[in-house]
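Letters A, B and C mark the chains in the order given here, with residues in each chain numbered from 1 onward.
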Amino acid sequence: MPAVTLREVARVSGGTVVGDGDRVINGVCSPAECREGMLCVVWDHGILELIPHNIPVLTKSGTLSGRDGIEHESPREALVDLLTLFDRRAARTPGVHPSASLAEGCSIGEGVYIGPCCVLTEGANIGDRTVLQGNVFVGRDVVIGSDSRIEACVALHDFVEIGSRVIIHSGVTVGCDGFGHVQTDGGWRKIPQIGIVIIEDDVEIGPNSTIDRATFGVTRVRRGTKLGSLLHVAHNCDIGNDSVMAGCTGIGGSVTIGRGVIAGGMVGIADHVTIGNGVTIAGRSGVTKNVRDGLTVSGFPAQEHMVETRFQASLRHVRDHTERIRKIEKILEKSGLGDKRNDEL
Amino acid sequence: MPAVTLREVARVSGGTVVGDGDRVINGVCSPAECREGMLCVVWDHGILELIPHNIPVLTKSGTLSGRDGIEHESPREALVDLLTLFDRRAARTPGVHPSASLAEGCSIGEGVYIGPCCVLTEGANIGDRTVLQGNVFVGRDVVIGSDSRIEACVALHDFVEIGSRVIIHSGVTVGCDGFGHVQTDGGWRKIPQIGIVIIEDDVEIGPNSTIDRATFGVTRVRRGTKLGSLLHVAHNCDIGNDSVMAGCTGIGGSVTIGRGVIAGGMVGIADHVTIGNGVTIAGRSGVTKNVRDGLTVSGFPAQEHMVETRFQASLRHVRDHTERIRKIEKILEKSGLGDKRNDEL
Amino acid sequence: MPAVTLREVARVSGGTVVGDGDRVINGVCSPAECREGMLCVVWDHGILELIPHNIPVLTKSGTLSGRDGIEHESPREALVDLLTLFDRRAARTPGVHPSASLAEGCSIGEGVYIGPCCVLTEGANIGDRTVLQGNVFVGRDVVIGSDSRIEACVALHDFVEIGSRVIIHSGVTVGCDGFGHVQTDGGWRKIPQIGIVIIEDDVEIGPNSTIDRATFGVTRVRRGTKLGSLLHVAHNCDIGNDSVMAGCTGIGGSVTIGRGVIAGGMVGIADHVTIGNGVTIAGRSGVTKNVRDGLTVSGFPAQEHMVETRFQASLRHVRDHTERIRKIEKILEKSGLGDKRNDEL
């Protein structure tokens, strides 16, 4: 674990030292796990008083006084630099491990690391400085760009194209057959899935997710998009740039998602739905219809979030309705209006 | 990419050429991705006008005129033949890769391919022409039939039986312990899971799915059934013939599912539920009770689809009820009927 | 398959023989799959009459008469011993398979089994009698205790700590990056995930589940807890002792779960939620707020189970409300009270 001064932290993150810049820290902690030698990251400066005075803090500009720390306009961005500083997982030394299996016709760039028991089949093409951690399977003619990181037990199937600076976490499969079958008299007949998958630059795919190949054509995840864990992208989807979708989500076949979309976890999206740019999808929503640009949706079937919120709130009144209706009926009965003949209307 | 004439396409798929049978195509495209040299597949002949005239189409019999193409009674079935024609993923050349690890007592059929870093433990038995793609783990005494395809990073545990023409996609686990524990004074005690799993002929299992072994007895997926991605089958399930269940679905312990069942994605089925033959389960349903043959169910708790639809529609009236009840109360109050004394009924 | 006498079964499980103690059995079956030579396990002694008389049974004390079998105060606990007796999956013979890849500085205990194509990177430390089944990836400085079982195609990433008697099923990933990104003008910037994961003693993790490392600090699963299949634990979670959570569940970032919590399948828990000790969460619930000790919750958003049950029941009355309100309106109209002017109130 490196030891750095607050001055160094400020320099790296673009923040400002308050108090003793020579103060040395060995790591980062949250308010709940404060301890000596750490820099405590505080999003909500309202709780600053609760942090022991001897622990330096990283917080928003203009809120520190009388204690050591770093002020930053965006503490969250500063944290990124700070964590990079303390990341113990050093880069792999380039090389191909002797237990890796490389078929003929593979092309390996400069500074590539191919870990133990990785399997590269014919025509695989790995760009400079890309890391294949271990037990990775790479199918025929797969292309991976430079500076990408493919973690353990990942399967990249034939003809898949992966961009540069892509991170694919362990257990992910890219390019398995899409799920398509035709009903015939002799049972279900498989529709061959001969399309490909393209994962563009700067994409990140969470552990154990599955991105299926297109029936024909392309399943595409566009530049800068981040997908969570245990997330399924079915055949022929097109997911736009710079979107972020949390884990445990299922995206049906031929779904189109715009750029800058943000989705919570456990979302379901039905086949063939189109979701516009800048849409926000609340966690656990089930989207069954197209969504216009910029909308926030929630619920199942998902609808505009404000409408869904009012709808859900309305349901809380049903028990009250039962009582009020009963009372009204009694009044009418008592008054002789709600008698039998009226009931038979 | 092979180049074939429309005449050849018609011959292979059983369709009829319209126009120039010598016309050469190099692949298949959708209306949205039309381009020169491709055959455009059109399900909805209403949009035929929108496809550039120089692109030949595959569509329903009796709808083409004045342009090149193929007519077929079932374009969807024709597509299966067509995609097979253009599938570039050629069969593996038989053989056992030197990096594969075969324990003593394994039995390997004719024309089998066992890819790099595959692991076969004692007594594994692989049928003719079956492919194990790479990084596959095969437990003790596992039996796999002929012409099956086991993709990458699959784990098949001790005593599992896999039929012929089965496809198991990457990242699948078959035969992990079922989830069973007994509460004791000393905490949860594991119930050993000593049963097996039988995957019958012509089954397909989507990537990263999990099929657990039975506590005792058998977890079974019957002939011709197709399961999607990230789908969980718990211990002691019995899934009938020719059923199709989409991905992200969780099937509880000891669930029995009939034949010809069709289920959408993200469905949950509670432990011990029995689902009849020919049942349809809408996506995202949560099935908590037995379902009779032939029924279509939806919702959570799932009920007959028409009942659920009416139920959901009824909920849209609650806000209206609030207003109407308020109005009625005002009327009664104004008329002197709804006064204090009545309120206290 | 071993053959044992009822007397032996009684001895091992602490039960009492009824009838012929020399009777030999070869395995265990359920009432639905009764067959000669097996011991039939019967939870519900009301169905004893339906079990063929020649099949011995295991059932509750004081309910057997006139047939062979075992009585036990807790048949479910007896079953655990019984299944252990018939478990054919014998322990692996200790040793390191020649195809395994061990980096320098690994430390391997006594009686350890490291199967084919396992990968251990620098500093991995494996405790006595622990089994790594095959195709397992172990990152830098990972520590695993004794008597643990790591199944196939598991990925344990750098600095992860696994306790003793832990079972990690196939396809699990432990210690992949948590899902965290900061929105900047140039798109999403990854927050480095430099924390660790600690899996304490006696934990079991179901197949294809994912346990993410902490952003900084620790993601922790405490002693004795059992997690199901395809279950996601996000960064910085803390899951208490002796909890049991079924499969297909997604647990958001920084969630704290108490001890003795029981959760059904397909549950979602939102980021930062705290769940108390002894809480029960019904299957398919979506927990969005903190839950007090001992509560049972269900629904989405999850609330106290009795409240949710009443709420759901109330919704079944909405269609009835529509009719009753219409009837009341007609009565008022007829009586001249509900006329136009009143409508305009």
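Throughout what follows, contacts are C-beta pairs under 8 Å (C-beta built on N, C-alpha and C of every residue); 3 or more make two chains touch, one makes a residue touch a chain.
Everything quoted here is computed from the prediction, not taken from an experiment.
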Intersection of contact partners for chain A and chain B: C
Fraction-based call for chain C against chain B, same above half, different below: different
Separation of mean Cα positions, chain C and chain B [Å, integer]: 24
Residues of chain C whose C-beta touches two or more other chains: 99, 117, 135, 153, 171, 208, 230, 315, 318, 321, 325, 328, 332, 337
Parts of chain A lying in touch with chain C, wherever the complex brings them together: 27-30, 33, 41, 74, 76-77, 79-80, 83-84, 86-89, 97, 99, 115-117, 133-135, 151-153, 167, 169-171, 202, 204, 206-208, 224, 226, 228-230, 241-242, 244, 246-248, 265-266, 283-284, 315-316, 318-319, 321-322, 325, 328-329, 332, 337-338, 342-343, 345
Residues on chain B engaged by chain C in the complex (per definition of touch): 99, 101, 117, 119, 121, 135, 137, 139-140, 153-155, 157-159, 171, 173, 176-177, 179, 181-182, 184, 187-194, 208-210, 212, 215-217, 230, 232, 234, 250, 252, 268, 270, 286, 300, 310-311, 314-315, 317-318, 321, 324-325, 327-328, 330-332, 334-335, 337
